[in-house]
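Below, chain A partners chain B and then partners chain C, in two separate complexes.
Our next item is the complex of A and B:
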């Protein structure tokens, strides 16, 4: 299958004063062209490291132990800084979590949006401005001809996130990475932004890597889902399979914990006992074993490898097939 | 059971500019009404949920009850005593009874104090030096499921869930009757969120606590509260028993808010969004019904006349000229 982004057995450590943090271990996943892929997982599961690797933006203390991060066939981990700059913003764009801090406060929207087209030497300043205005209109900024000369502080949070999306889509990238784009927004605005992303995806067919901890949003927007836990992909598959036929005990527990999925009102909410393992000293065997209610003999010995469940659906668990 | 807290026609105003600037600019009314004419009562032992989007005034209302911001008009009676006009000194004993859990679990703890100091600080502030402070700190940690090994830790050494537990322990320190919990689970992962909420429910049962929970998280508040109030621009637009409000919302805003929560089921994707636009600025409060600028059912009357609360069912109040008729099929 034609994939825009394809991670193969990616393993990344961070060298810290307290020891090696094993942030990503043997991560393989794909973003097929034109699809929306969601990444779910709790704090510290490696979502941000994964995005950093995909954009070639890993911190200086990161050590890539193995694997590749292929963007349109080229490994971004071995790319030169110049080549990386050429794809970032043009071929891969990103929408960040907090629209309050991701836009430069001292530049007008017009300045911000023409600046990112600086590589387009053939286009005149007027054309760049016109293109920016057109994109602002597409993301639903009212009155874009006037509003483009305003500064970020003159826009509300929801509008700023729309502007961030307009900026990301301006160069018609082949991959859009959205890192918790609605976490800082109210629920009615969140619904608007998700509807906007869906509409724009229908229009531009940009592949989207959507990172969230909100299962509702994942269900709403994504075609495929990758579930991460403590630096590993524990399960991945089509969105329906993940929500209706989850096989990994962690995925199941995560779904059970979501209060939005519990129909009957209750004061005793389900939880996942225990804590996320320390990524410096990982437990032997399966990473989820210490918290898993179904752990049995083999789990403590070796870490399970991903096993196929169905077409495009795989999970790292020895219990496979056990309902 | 007797009412623990009764709030009547409460108004909290904030000044937006100085006297001089207002004069120069010719602004007659340099104030915004963060809370405007809110009335409600809480019974001992219940959980009351305050729900609304950013800027709806829910946090301000919570803080006004605790005397952290001064209300300009109305009345707040706690345990039969009027607390609105009390000075700092007279308010102090009330604050022993009304504890606060602040929004950000880590940032609301002083980074320079150890867990032990954080837990004993309330006793020192209230002059309770005769207590066995170590013993109290141990007891409080025990209540929230932590132990003495946390005594020497600083907030940055705690996980979000642990920091939240310390916040709960701190709120419990002076054996309050009412706890105002501002976004008790914001920023926590779902598995940890459940732990914190279960802990709060257990403590409520064991200690007979009353909770005022301020949140924007509808799936959570549906489970943990007895009654809720939906706030919009400083007013209660709908109040009632939680189950009823979710099953049968009368206010278009309540209905839109419930519909905006994404369904964690890929087979039930929403096709349309009901609510367009954003919450208007408090400085430009719309005339008539505050919601008419975003309401799909707004009529001429809504633009001119402010609706008064009307009772639709037992204890279920709505502030709308044209309450919704049809029941929502997909509600909780």
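Our next item is the complex of A and C:
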């Protein structure tokens, strides 16, 4: 299978004054070419670290303990700064969470979008501008010929996120990473942005790594899902399999907690009891055991390895037998 | 933008008017009669009375104040009590020296302070950053007159590489330039440190912003990120502050002109105060005040113009 991005047994720690934070542990996942892969998990589960590793943008105190992050076959973790820079923006592009702060406030959209094309020395300024205008039109910015000379603050949040998407797709990258691109937007805009991403995916066939904590969005947009909990991939598989045949108790609990799936009207929304474990002092055995309603004898001894459920569907849980 | 400019301009006019009123009444309250001073100890009361009438000093205060205001608006700052020359001309003659001195002092501050602050922010916590920090704080803390005296002692007396006093030969630009180096450095040094600290702090803040991370994610060159994406924003508070800085440098120029015996507004005011030449004091101080207000105005407008958000909102 041809993967644009494939993480293999990636383990990343953060060296903090309070101790080593084990942010990612033995994470393996793939983004197949032309597919949309969703990562779902609550805050602090390692989603951002995973993206940082994929982009080679890890914080200075990050320590890669092991594993590889292969982008089109090359390990970004061992790449030189120059080589990394050559990939960023051209082969991998990223859309950030908060469109209100992710665009430079003192540069116009035209300046921002021309700067991204700095590698095309042969292209004239007019051509770069025309290309930017064309991309703005494709993401649904009305009247792009005039609007391109405006500054980010002259656009609404939804429009800014469209601009951010236009910027990301401008160089026709093979992988687009979207880090909770709709979290800062209201629900109507969220639906529009998701529709836009789906439309653009149909048009450009860019592989997308879509990070969210919203299961509904994942179901709508993605081909495959990776469920993360406390720095581990607990379950991954095709979207249908995951939503209809979830095997890991955490995935099941997440699905039960999704307000959109609750059939009966209730005053109390379901929650998963307990708290996310401390990533400095991890519990022995399975990370989800302290909160798991189905925990039994083997869970406390060793952390379970991923075991296959079906083709492309795997989970880390002892409920599926010893494996 | 135009509304803001107009409002700012109106405010500047009000400030200058208030400054004029304060100046007028301060001089009015100072003991000593300009007419008696001008005429010397052997003048008769009749002669004094005649001069007082000529200078308008016999009229009520309000009328004097009004006349003063009208005269200033007409560009007439009175006449020098000693030489009978027009104060406006005397001030205009001295002004270029002070302006050049201030501008070069500002030049030192910007040329050394901004890159120093930038470098410190990018290479944060390296030993060069720490050295730059110590140097900046020292530059701020040491009074300019100490710097001036040591500069004189080292460069002019000890090593004899730069001239000590005066402004240089008329028309000989190189000579005038070498005469500028020491005094401008003396007044500008404190601001080098000040700007370095300020730029470092704003750069550190800006470099942590999300849009810098975005620029990195697009693989832009670090040079582009620092100078195009960060410095353009980090420089804004500095620009606004430079208005005040110019005022500070102007007052620094006054003492530098005395220490280095350079012609200029400062020297003019100093000599005029000693000889109780009130019209000259008033004229020179008024022009300096107007200059200061003008610089603050320009700095504010520049800062607003550089920031598209402010530009659009105004």
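Just so it is clear, the second predicted complex is superposed on the first by the 320 of 323 C-alpha atoms of A that agree within 3 Å, B and C clash if a C-alpha of one lies under 4 Å from a C-alpha of the other, contacts with A are read in each partner's own complex, and residues count from 1 in each chain.
Just so we're on the same page, a residue touches a chain if its C-beta (ideal position, glycine included) is under 8 Å from a C-beta of that chain, and two chains touch if they have at least 3 such contacts.
All values derive from a computational prediction rather than experimental measurement.
> So if we stack both complexes on chain A, do chain B and chain C clash, or do they fit?
Fit.
> Determine, for the superposed model, which of the two partners chain B and chain C contacts more residues of chain A.
Between chain B and chain C, B touches the greater number of residues in chain A.
> Draw lines from the C-alpha centre of chain A to the C-alpha centres of chain B and chain C: what angle do they form, to the nearest 10°?
70
> Could you look at A:195 and tell me whether it touches chain B, chain C, both or neither (first, second, both, neither)?
In the superposition, A:195 contacts chain B only.
> Kindly classify A:173 by the partners it touches after superposition: chain B alone (first), chain C alone (second), both, or neither?
neither
> Quick check on the superposed pair: does A:88 touch chain B, chain C, both, or neither? Answer first, second, both or neither.
second
> Tell me the contact category for A:43 with respect to chain B and chain C: first, second, both or neither.
Only chain B is touched by A:43; chain C is not.
> Quick one: classify A:98 as touching chain B (first), chain C (second), both or neither.
After superposing on A, A:98 lies in contact with chain C but is clear of chain B.
> Determine, under the contact definition given at the top, whether A:240 touches first (chain B), second (chain C), both, or neither.
In the superposition, A:240 contacts chain B only.
> Contacts for A:55 in the overlay, against chain B (first) and chain C (second): which applies, first, second, both or neither?
After superposing on A, A:55 lies in contact with chain C but is clear of chain B.
> Quick check for you: in the superposed arrangement, does A:257 touch first (chain B), second (chain C), both or neither?
The first partner, chain B, only.
> How many Å separate the nearest C-alpha atoms of chain B and chain C in the overlaid structures?
Minimum C-alpha separation, chain B to chain C: 8 Å.
> Can you check the complex and tell me which residues of chain C touch chain A?
On the chain C side, the touching residues are 209-211, 213-221, 224, 228-229, 232-233, 306-309, 312.
> Where on chain A is chain B touching in the complex?
Listed in rising order, the residues of chain A that touch chain B are 42-43, 156-159, 186-192, 194-195, 213-220, 222, 239-240, 243-244, 253-255, 257-263, 265-272, 275.
> Quick one: in the complex, what on chain A touches chain C?
Residues 55, 57, 84-90, 93-94, 96, 98, 101-108, 115-116, 118, 151, 153-154, 164, 167.
> Using the touch definition up top, name the residues of chain B that touch chain A in the complex.
Listed in rising order, the residues are 53-54, 159-160, 189-195, 197-198, 201, 216, 218-220, 222-224, 242-243, 256-257, 259-270, 273, 275-276, 278-279, 332.
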